[in-house]
Amino acid sequence: MIIAMNEGAAEEQVQQVIDHLVRMGFEVHRSTGARQTVLGAVGARVDFDVRELEVLNGVQEVHRISAPYKLVGRSFRPEGTRVKLRNGLEIGGDQVAVMAGPCSVESREQLWRTGEAVAQAGAKVLRGGAFKPRSSPYSFQGMGEAGLKLLRECGEQFNLLVISEVMEISQIALMLPYVDIFQVGARNMQNFNLLRELGKVRKPVLLKRGIAATIEELLLSAEYLMAGGNYDVILCERGIRTFETYTRNTMDISAIPIVHKLSHLPMTADPSHGTGRRDKVAPMARASVAAGADALLVEVHCNPDKALSDGAQSLYPEQFAKLMDELRIIAPAVGRRIA
Amino acid sequence: MIIAMNEGAAEEQVQQVIDHLVRMGFEVHRSTGARQTVLGAVGARVDFDVRELEVLNGVQEVHRISAPYKLVGRSFRPEGTRVKLRNGLEIGGDQVAVMAGPCSVESREQLWRTGEAVAQAGAKVLRGGAFKPRSSPYSFQGMGEAGLKLLRECGEQFNLLVISEVMEISQIALMLPYVDIFQVGARNMQNFNLLRELGKVRKPVLLKRGIAATIEELLLSAEYLMAGGNYDVILCERGIRTFETYTRNTMDISAIPIVHKLSHLPMTADPSHGTGRRDKVAPMARASVAAGADALLVEVHCNPDKALSDGAQSLYPEQFAKLMDELRIIAPAVGRRIA
Amino acid sequence: MIIAMNEGAAEEQVQQVIDHLVRMGFEVHRSTGARQTVLGAVGARVDFDVRELEVLNGVQEVHRISAPYKLVGRSFRPEGTRVKLRNGLEIGGDQVAVMAGPCSVESREQLWRTGEAVAQAGAKVLRGGAFKPRSSPYSFQGMGEAGLKLLRECGEQFNLLVISEVMEISQIALMLPYVDIFQVGARNMQNFNLLRELGKVRKPVLLKRGIAATIEELLLSAEYLMAGGNYDVILCERGIRTFETYTRNTMDISAIPIVHKLSHLPMTADPSHGTGRRDKVAPMARASVAAGADALLVEVHCNPDKALSDGAQSLYPEQFAKLMDELRIIAPAVGRRIA
Amino acid sequence: MIIAMNEGAAEEQVQQVIDHLVRMGFEVHRSTGARQTVLGAVGARVDFDVRELEVLNGVQEVHRISAPYKLVGRSFRPEGTRVKLRNGLEIGGDQVAVMAGPCSVESREQLWRTGEAVAQAGAKVLRGGAFKPRSSPYSFQGMGEAGLKLLRECGEQFNLLVISEVMEISQIALMLPYVDIFQVGARNMQNFNLLRELGKVRKPVLLKRGIAATIEELLLSAEYLMAGGNYDVILCERGIRTFETYTRNTMDISAIPIVHKLSHLPMTADPSHGTGRRDKVAPMARASVAAGADALLVEVHCNPDKALSDGAQSLYPEQFAKLMDELRIIAPAVGRRIA
């Protein structure tokens, strides 16, 4: 951490800051120039609040030096993390894994028709929600455990792994037998109680960026998971909130190469939530792969017009098959392949 | 809802949209002009997804007409809601209620010294957190129920009501005997499971705006609470995320008069979280009252330099007393008074 | 335009709004439902301020129906615009045109080395700035007309067209003999005086999106150019300002398919300004082409470490050549080709 | 400037960065810790691009230490600047100066009726636009010099100073005899050519914050004016663009105390443009004064319903008079007075 004092800061102000740093456990290096004094603070603590220093008298500005994350940083695993899954699938390797399926599991027929279609088109993981807390108590709330069972059974039938969203700690144990990857939604990116419990699980976690979260905050949440002992973390861009209103969110494609530079963790993209509109999903899916995404999460529904949730952003099966063909052309440009 | 078709939309496209609306339960009025066809859809449903229509062929744009909230709208109670509390305090009336106290309850001594100071300065409600999920498992996590007991005891000693944040459904029953107002934090503004349970409680709820939430979304979350049967809802502005980085968040003071126009619910402000820096709390507290806020939530600590959390945004007791004096000057400009 | 009145709006309030609309030149259709009255206003005017209606008593909300632009709308030219340039190059056709070169023209040697490299790699247009107003009066301010002459000469030598930024009305006549495309920078997107003059010019204009401009505002500025008589307008995404601070701006790749849906004008991308960092230019250039961009604008410098401006976002010639090879793989996925 | 190298950065990478800094004219201090090397660079240059260093191999992050502005910084004039105007009015002193008047000068009658009303209510400066570039070439474009003459004449009649917006360099000489303060609009905040010329003028300049500009960027533009020799600079908050759509812009009231901390320049507020809606102007004007604004800029029109521009955000004269009475109550809370 670097603390720049105001020009003309009094000596006792400088001493007060030094004392504060020492109390916080830092070793302090002082450098006094012609115009101002600059303090360097070195130490092992990462969980401090820089504002404590910013509000001290005489302080001009404070900068953290080293990123406050350790385990997620690129230098921890310079070669990059490959999350290994059943059936030999790896996320973070040469293959761009595509995870596809409906927003919610609605019925056996709906899931089988969708699952078969996405498997035929080349998807490797089946996605589907079992818990859907909705704003109206009369709306469809998800099938719960019955939905998870269907996901697992459908996945086995079509040789697909299973990913599904976990929303509360109490759902972890329930989901464990059915899913291959736990998905944490954007609203729970900073639900530290949930992250703490998922840190103890021995299955991969796909962590979505919150709509108001910086990339650094996404990495800090991933650090929380890894600090808990779960090193199989997959990150996911799904759009941030900006002033542009045409799309629900603005998908920040540049987060893909940025995460790859800062971290060793696989970085994926969800163009369905990232745009919220079916007609923008394919362009943004292509853009994500072209920018280097390690995997995609795409909503597909056998009959989007009848979907019980998010039908407007679900692809028709034939649109998904066409998209997969386009991705097969693009992937070699970044040294990758689609299944 | 109004659906504008593209210029030159085919007749079958128009029919498809009409059919879709009828299936959704709407009554449809069609108006065909020289350049385009416009459809008006009237009906009782509020829980639909406008994007379902936006993605239909031939549709240019879709607008909701009536706000999707009913109970929180101004017209439900044109005279405004006054949330009545013990001891005769009302939020939403002539008096601007000030709620003050530490970020977290840390000890009996800390709470008593702070509570006495804020009561003497004129605060009517004691605030303090009992649960503090933190990014580091080694950081202070809050005192839990022991903290709640201290809050209640301290409140009784200094004639202060008690407000504290609830973070999970399981905490509701635990907190019920101790608090007068449940506070829902910005991260939980759209935790619909939690809101559903708080809708059943017969104590007031103070709901904070999420950092990426529009005013409409804040009102929708309040609608959820009211639909559950709890009409004693208090709203709170605490800053939104913008591109400006000098402050943690940008406090949207204009949300105060906007909520007052759109809704009958009391609208309050939290300048401590809204700015994140002690030296900006007093100006923004004054601005909030001048803009018409019904109450303030202010962090005060008897010794901010030693605070276990958020010390940088906590006022010293003497700063708080000075602020209260300033507010006493300002309040009459908006026809209000401070205690 | 649709005006929804408040529930319970008085009849004289409705009449006042109708009178106001009639004075504005609209034809009004009234529809009174069980809960509220809705007014539809139809007419030829586009240059009105909806807020005039929003602030009338009894008005709940106002929606524009038809987009306020006519000439740039997709329906004006459903087949899409192809901007035809010398040498047979078209922007908006099957070929993705790449425009490349240094931020500023600095010297004959710098321009020739860069120009030769980008031409060899397949660029079709040479970019370079001649006017550089800088925050320090001691910084390099651009070569002015001498720079324009070099651009033209270098372009002829390597068979490249020329694009350069125009910043003031007085520069138009000066630039006319030298450039094939006028570039309007993000800061001037709403400089209506400049746009008015460029509307009279018979050379294409590439209009960049402002960093705080919505897509609708970009289209409105294009409408201004077209209304002035210049139909050869090319749009360009170059990043918007968001809360994310890792990159200078957040490049909104989704603007590419959105503009293609709303308008017939070609939509291009500038990944150099869109990211501000050399190591993010190639991923975002690839993403732009994968999302359907009609052309790219890329900063390349023969020696970026010595560049007088924007060196940090300029590619090395060998990086540019590699990028072009990658784009040649990607373009067929969207039915396009690179030169 | 502080440059933190990656953990494990090679020695030649460190040397390359040091060499680069030395070439840029900096003196370099090196500090090598257990985990990483940190370089401190000290020097007089302020007009460099930190990204040049960020993209060097082995660099983790770069921080500017001292703010890149010198003349506008608080330490340049710790006691604060008072801009002295004719008639003894000071902006930045004990009095909160109110500048009021119509968006545009439309006619002698309109200006006299409005000017008399705002003078009676206590305004000290008359505002009014003479140049109005509009999106439609058929809309009212402002009265030009005739409007400036009316402003001056009306100001003299009612003992009001005059402020008006300058949009192009060519208008400066024309306006000089008529105005007491030049206003620079949000769109021109970074029009460095215009700022350079205004730096040479010996009349005060009121500089508005751009809708996408950080507070630091506003101060940098002010630095440009001061570096040109014009020390009478007044800053103005008028709203920034955020995701909230209910208001045109989100007025950042916290910018008022922040500018007062960082700079000695007076900081004012424009609640008319800051909100864009008449019914929000008074609350935001009150909030601005309560937060410490040195002056206000308020749009008032004798007949807003007939205004040729921005009628929706113009106050009626009686609303303005009421607002002035409210401000007289609030100002003493911050040790100020309204005329």
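Going in written order, the chains are labelled A, B, C and D, and every chain counts its residues from 1.
One rule holds in what follows: a residue touches a chain if its C-beta (ideal position, glycine included) is under 8 Å from a C-beta of that chain, and two chains touch if they have at least 3 such contacts.
Being a predicted model, the structure only gives us computed values, none of them experimental.
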Q. Would you say C-D or B-C is joined by more C-beta pairs in contact?
A. C-D
**Q.** Farthest-lying chain, centroid of Cα atoms versus that of chain A
**A.** D
(Q) With centres defined as the mean C-alpha position, give me the chain B-chain D separation in Å. (A) 31
Q. Rounded to the nearest whole Å, what is the centre-to-centre distance of chain B and chain C, using the mean of the C-alpha atoms as each centre?
A. 39
Q. Between chain C and chain D, what is the gap in Å from one C-alpha centre to the other?
A. 27
Q) Residue numbers in chain B touching 2 or more other chains? A) 212, 241-243, 245, 279
Q: In the complex, go through chain D and note every residue touching chain A.
A: 2, 4, 6-8, 29, 31, 33, 35-36, 38, 40, 42, 60-61, 63, 65-67, 73, 75, 241-243, 245
Q: Please give the residue numbers of chain A that touch chain B in the complex, ascending.
A: 20, 46-47, 49, 51-52, 54-55, 133-139, 167-168, 187, 190-193, 196, 210-212, 220, 224, 227, 241, 276-279, 305, 310-313
Q. In their complex, what parts of chain D are in touch with chain B?
A. 212, 214-216, 240, 242-247, 250-258, 261, 274-275, 279-280, 283-284, 286-292, 326-327, 329-330, 332-334
